[in-house]
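Have a look at this one.
Order of writing sets the chain letters: A, B and C. Residues in each chain are counted from 1.
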Amino acid sequence: MEDAAAIGNVVAQAGLLVLLGPLVTGFIQKLKARLQCRQGASLWQPYRDLAKLLRKGTVQSDSASPFFRAIPVLVLAATVTTTVMLPVLWAPSGPALLPLGDAILLLALLALARFLCAIGALDAGGAFGGMGASREMTVGLLVEPAMMMAVFSVAVAGGTTDLVHLAARRATLPALSWQAPDLLALFAMLVLALAETGRIPVDNPDTHLELTMLHEGMLLEHSGPGLACIVLATHTKQIVILTLVAALFFPLGLAEGSAPVEIALAGAAFLAKLFALATFLGLVESSYAKLRFFRLPQFLGLGLVCAFLALALRIL
Amino acid sequence: MSVDLATRLIDVLGALLLFSTLLILAAGQLFRAIYAVAVQSVFLAIAGAVLGAATGNPDLWIIAGITIVVKAVLLPWLLIWVVRRIQIPREIESVIPINATLGLAAGIVVLAFRLNASLGPVRQAITGNALPVGIAVILLGVLVMASRRKALVQMVGLFAMENGIFFTAMAVSQGMPLIIEVGVILDVVLGALVMGILVLRVRSSVDTDIADLESLRG
Amino acid sequence: MMTSSLLWLTPLLPFAVGLAMLLVRDRRVLATLDVAGSLAVLGLTLAITGRVVGGGPVSALGVLRADDVAVLFLVLIGLLAVAVSLATLGWMRHQLARGQMRADRLPYYYALVHGFVATMLVTVLADNLGILWIAMEGTTITSALLVGFHGDKHGLEAAWKYIIVTTIGISFGLFGTVLVYGAAAHAQGGVLAGAMNWSSIVAIAPRLDPGIIRIGFIFVMVGYGTKAGLAPVHMWLPDAHSQAPTPVSALLSGALIKCALFGIIRFHTIARAACGPAFSQGLLLTFGLASVVVATPFILAQHDLKRLLGYHSVEHVGIIALGLGFGGRLGTYGALLHVINHGVTKALVFLVAGDAIGRYGTRDMRLIRGLLGIAPLAGTLMLMGAFSLAGTPPFSIFISELMVIQAGIAAGRYVMVAAFLVVVVLIFAGLIHHVGQMVFGTAAAGASREPESAVPMLGLLLLAAAMLLLGVYMPGGLDHVLVRATEIIVG
């Protein structure tokens, strides 16, 4: 019985994240539009785009192998799986009933999705795909270790890598118990989140200009439902990263039991955190220019150094 | 304010100070480095106010006020004024790649914290982690000055370094005597003025950056 | 009461004179004020010396304090101020005649020189270590403007390098000061009155935490060492010494770098008591030997006369650091004596060099020939100064170098002594070679053969007399002060 409830919780949370993913993107687009004094597309536009793509047929490059068809599904699967490892509304303080995976697995799955995406882009044989894949992997090389170090820095303090458990433990600490490594890890995560969500100044999600795009370059060869899968995976990855930051650094308002009031509060807190972070992304995107690609290591290097220091100072 | 809370706040401010120094190191543009050092000075002033509230020493409040006025407003304004006046390119050129300096910076910070960990009970004389943060910020400031080619960036590095020293100085027991702190700040301002004069004079006579002059050798 | 007001008056007087000079436009009045002000400073320092020798250390409100160590440096500054003022009379006339100095900027020049002297006086009189630092930074600011006073490209470059490098340096010094203060506050269990005063810190020095004092002393050593021109942080020194107006070069080399050494000596005294003599002496030895060794190749291969003298200052600061590092009464006594000897001699040689440069219109030693022929007195003084700098008897530097070497042998540092001797021999050869070529031979036709005027020469002769006197005879008063100063440092 308890297992069933736990499974229900996990599935509900995962479903919530997947469903909310496009909304976050829509919100950021709307925010950017308003900051540029434009009306902008509706908040629901990403959902409409997805629906449109799902209705369309698939066109595929002649040179692509049969494996190419499986790529979008695999990417989506890897990304969606990460959603079950995050505390969204519930964070029971006891030992986890369903050990579904921890932060290490989460980061590994995201890396796997990135790898699959790049493989798919190379498989299709287009020039832009290869270029986008190469750039994306270069960014990944800098982002992934930094992200791991930042997460570990918090994990060392919490004594566990299970994110639900970690959030529950950190939620019990008093408000001002932040130490220097926490702050540094937060800075690192904010810098890295910009890269992981494919936002300016690292990547420009709104462009298909070959000189500037990273992530979009890899999607050029996909179409129809396949493209819909990858786009949904991108939305999901974005919300997963934001939830990860919220879980690591702002684990306030998470519900312990299943009382309706508690859950309502947890939901409100979650939405507040999510949209605060989304606002941050939108503001950064509106106030900075995209960096030249060979300037990126410098920007991400800042994240890397902060993450390294966060871990080093925690261990020292 | 309790001493314990003050210690925690100083730790947090120390992290912010470190982060703003890293921002200066990573800055690719002159203005960003100047803003970063101004923000750093604001953190320093907050630290002064926190320590003033914790120890009940009114001198620290005065120092916090002076810090805001002089270091967060006056000196950055002076730098910006000089930049506008001489119309130089705003991009920062580095002698060694910026990423290499960031790597060095990580090493320096770890070293500073290790050094602090090796000290005995005397650490209590200095609140929180102000000592390692101070050492780290000073050395990072030197790194900025050593690795950047522009006179104005070197001045930014110098101000960052002074901020590190002040941070530690405030956290020592109850801060240095007021008269000394004021004298030190006065020296910093005068030094900055003289540096500004030198930069402007070179720019007006030979139209290069003063830090680029390399005729004196051997 | 009377004595403590003397302490206040000593730095305030040149400061006030400097301010007054800003209002004066007349050249003659300025020069007279300059000499009179310097003479008054010398008088005041001698008066303080009298009180200290007679009645022990005097203190003023816990801010200023004069003991036997401070007195040595005080008198050196006073003596150099007078000699430089006298020499400036002749030097300035030439500068104005050749249009290298604009008459309307004269008040600023004189005022800055007096401000520079005032800050140096505060440095050596400071009891409060914070005041010591503030005054030290003050010397940087005033003298940086003087180094770049000519406003040409090289001068400005040297001034920039000087102010940036030494400001970084003494920022390290400030941090070291903060750490020592923190240790003192910790040892006292709270902040008591005068917790930043050297005299009260020394009194509790054995109780200070050695770990933090060690870190603090490293910062101070690097910081004030930069200002003192110790290798490897001496980069600014040859540039600033060569580009500054000659009287300023004499003050920089003769007095300023000694003030920085004074700061190091103050902290060395604390560190000795707090964590045993081995640590700070080892650090001093490292910096000292590095300076002596690094300076050598630059001295041998140098063509610029003032750069040569600049590198030579690096070497001699190294010798003083070695003396302090070998430790013991003999080494410390020798180092302190060397402070005086080198200050006097180097100022003399700089001033003579300024005269020679004025006559030949170049600083390139290959173009200066036959100084003895066109200016017999200056040529003789140049030769004497060079022999003294190279460490030849009967001049004063020989005595103090010998003491340093004796102390090294007594301390069992044979390798260092051997390296030091080799370097000294090399420098002797290089220096005498350079100076010999400049002094002897026949002068080029373009050189100025103007007869030497008496009053400026008076300043040079004053220094030369001190140099010779200290080589053959040790005045009882000086010996007394040196012995007591040694006791203060070594305990």
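Everything below uses one rule, namely that contacts are C-beta pairs under 8 Å (C-beta built on N, C-alpha and C of every residue); 3 or more make two chains touch, one makes a residue touch a chain.
All figures in this text were calculated on a predicted structure; none of them were measured in a lab.
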What clusters of chains are still held together by touching when subunit C is ignored?
one piece
Top of the farthest list for subunit A, CA-centroid basis, is C
For the pair subunit B and subunit C, the C-alpha centroid-to-centroid distance in angstrom is 30
Measuring centre to centre with CA averages, how many angstrom lie between subunit A and subunit C?
64
So, what's the distance in Å between the C-alpha centres of subunit B and subunit A?
35
With touch defined as at the start, can you tell me which subunit B residues reach subunit C in the complex?
115, 118-122, 124-126, 131, 134-135, 138, 141-142, 145, 151, 154, 158, 161-162, 164-165, 168-169, 172-174, 176-177, 179-180, 183-184, 186-187, 190-191, 194-195, 197-199, 201-202, 205-206, 210-211, 213-216, 218
Contacts from subunit A onto subunit B in the complex sit at residues 176-184, 187, 295, 297-299, 301-302, 304-306, 308-309, 312-313, 316
Looking at the complex, which residues from subunit C come into contact with subunit B?
128, 130-131, 133-134, 137-138, 140-141, 144-145, 148, 151, 153-154, 156-161, 163-164, 167-168, 171-172, 174-175, 178-179, 181-183, 185-186, 190-191, 195-196, 209, 211-212, 215, 238-239, 242-243, 298, 301-302, 307
Using the touch definition from the top, list the residues of subunit B that touch subunit A in their complex.
5, 8-9, 11-12, 14-16, 18-19, 22-23, 26, 28, 98-99, 102-103, 105-106, 109-110, 113-114, 117, 129, 133
